[in-house]
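Shared between the two complexes below is chain A, which has chain B as its partner in the first and chain C in the second.
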Partner chain A sequence: MSKTSRTLVTMPKVAAKGEVVAIRVIVQHDMESGFRHTQQGERIPRDIIREFVCTYNGQEVFRADLHPGVGANPVINFFTVATETGSLEFKWVGDNGYTSSVTSQLTVS
Partner chain B sequence: MAMGAVGLAPLFATHATEDEALAAMKALMGTVAPRAGKVTLELPPLVENGNLVAIKVSVDSPMTAADHVKAIHLIAEGNPQPNIVSFFLGVRAGRADIGTRIRLANSQRVWAIAQMSDGTFWSGHADTLVTLAACTEVI
Partner chain C sequence: MHNLARFSWLWSTALFAICAWADPVGSARQSSYALMSPENRAMQDDPSQNPATFWVLDGESLWQTASGKRQIACATCHGTEATSMKGVAASFPKFVGSALLNLSDQINVCRQTRQEGEPYAPESKPLLALTSYIGQQSKGLPIAIERTPVNALALEAGRTLFYERLGQLNLSCAQCHAERSGQKLGGNPIPQGHPTAYPLYRLEWQSVGSLQRRLRNCMTGVRAEPFALGSKELVELELFLMWRARGMLMETPGVRP
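Moving on, here comes the complex of A and B:
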């Protein structure tokens, strides 16, 4: 079963060449750790986002491996250098066929 | 907090110890020993809710092609699983400064290990007090 959810990416639309731009991404996900139990003592199976990748015009600039220790609705704040005008693709991959992706444009002057 | 005896036993058996955190670090670094410094970990000293703890990690690095941060790993000593998250950066990251939100199951020490482009590892840590623990609630 393929799943997806809402994502939100905050970053500037324009930047000077060589400028370090701040990127803030958030994705809606419960990040069920697999360590919780129901009142009947049954373990709730793990269901998390495992990987986040940011590619800039097809080239990977940032990647994160997520484990159950990451809180629900994972937020990641990071930076990248504005090298050229183009698109940044943000992609999340997780358990049970979860995928989300969003693309943002960055104009470099 | 209401907690069934059934859920209690496996719960605490799965908590990582300091040794397991060390083992997790060894798995990342191999035989190389980390040096203290360069890594700054910002964690609130007192956490009311361990389910969502804002954490900020930064590494003192010029981020040039010759000298940059390749990876930053966050390791918890008191969580069921020591690895929290690993970030992989490069020259194009521009700045080794990352913020995220993590879970903490206990009052504990959190480690950040930075892998540099020259193969060295640097570590930093922060201690925190957690009043409401994550992942112990029974639903």
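Moving on, here comes the complex of A and C:
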């Protein structure tokens, strides 16, 4: 897996103050479990995403640890409460120096 | 009287068998999309949920990247707009000169003759990405494979393969996908085997894969030695299956369980 990869974030652009906002993120990653072998019998080393963090204007609102049992291209659905206009940063960190991050804007009216 | 009753019983049984064992045609044909769970259908329908979107986006950037000795991109000849290859995927496999090519083969031909670069390995990520990107432009269009004097021989060869028993289980494609489609195999519904959504993201594979990969899966399933990727037999079978699904709508890039 390369050091970074594509991501897709689905969330509303605008929300009312106090509204619960649904966020869906999906990241491109093979999530090689480390338990598989090649046809020659060699073990394929583990190469997975280890951690996902979402920060809302710098404050952490969601965190998840990922494990070898998680499938490729993991999807994470979660919620947060719209408090103020600002940016949400999504960051994935994994084996072999992998990091991906993306930022989305949320306008609170 | 007794004989007559027995004869008519035999006759009606035979007639029933013929009706029940026919390959579904026309509007009786069904994409295996219809057999999927609502969750998997939603995954296919929504590009922001469909993992194959990553392959399409990778394909889009490859499309615009100069490559090979001549340092030209696909877009240099075919255009940069995302609809420049509309309908192309619905017309493959087809004869280009004397060779029957599927879309991935055609991409590699372009790479070798136009870009003067190395062909992509079969089933490699960049090849699947470009095939998905071009395929996605035909989404919603009917499969446009007609029987012509040029492809008739290959089409018949593909049909023969479809109806030929193979492997230790001694099964043909048709015995499951034509005669017993809609019934169950190990708790799962048997699809009619129309290749409307390839290349597709198969959850079991955790990846996008080609129709040839899927065909080889089935051959392993009946304990036959699968034809090699890129072999003449697999392309002929692809041609027959696409012809069999002619008029059905393309779903590329699909999702299947």
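By definition in this document, the second predicted complex is superposed on the first by the 107 of 109 C-alpha atoms of A that agree within 3 Å, B and C clash if a C-alpha of one lies under 4 Å from a C-alpha of the other, contacts with A are read in each partner's own complex, and residues count from 1 in each chain.
Keep in mind that, in the parts below, a residue touches a chain if its C-beta (ideal position, glycine included) is under 8 Å from a C-beta of that chain, and two chains touch if they have at least 3 such contacts.
Please read all numbers here as calculations on a predicted model, not as lab measurements.
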Contacts of A:Gln28 with chain B and chain C, given as first, second, both or neither: second
Which partner reaches more residues of chain A (counting touched residues only), chain B or chain C: B
First, second, both or neither for A:Arg36, with chain B first and chain C second: first
Touching partner for A:Asn96 - first (chain B), second (chain C), both, neither: neither
Partner chain in contact with A:Thr10 - chain B first, chain C second, else both or neither: second
Touching partner for A:Gly69 - first (chain B), second (chain C), both, neither: first
First (chain B), second (chain C), both or neither touched by A:Gln105: neither
Residues of chain A contacting chain B in one complex and chain C in the other: 71-73, 75
Touch list for chain A against partner chain C, complex: 5-6, 8, 10, 24, 26, 28, 30-31, 71-73, 75
Chain A to chain B touching residues, read off their complex: 20-21, 33, 35-41, 43-44, 56, 59-81, 83
In the complex with chain A, residue positions of chain C that touch it: 48-49, 51, 53-54, 57-58, 203, 206-207
Of all residues in chain B, those that touch chain A in their complex: 4, 6-7, 10-11, 14, 51-53, 74, 76, 79-81, 83-95, 97-103, 134-135, 137-139
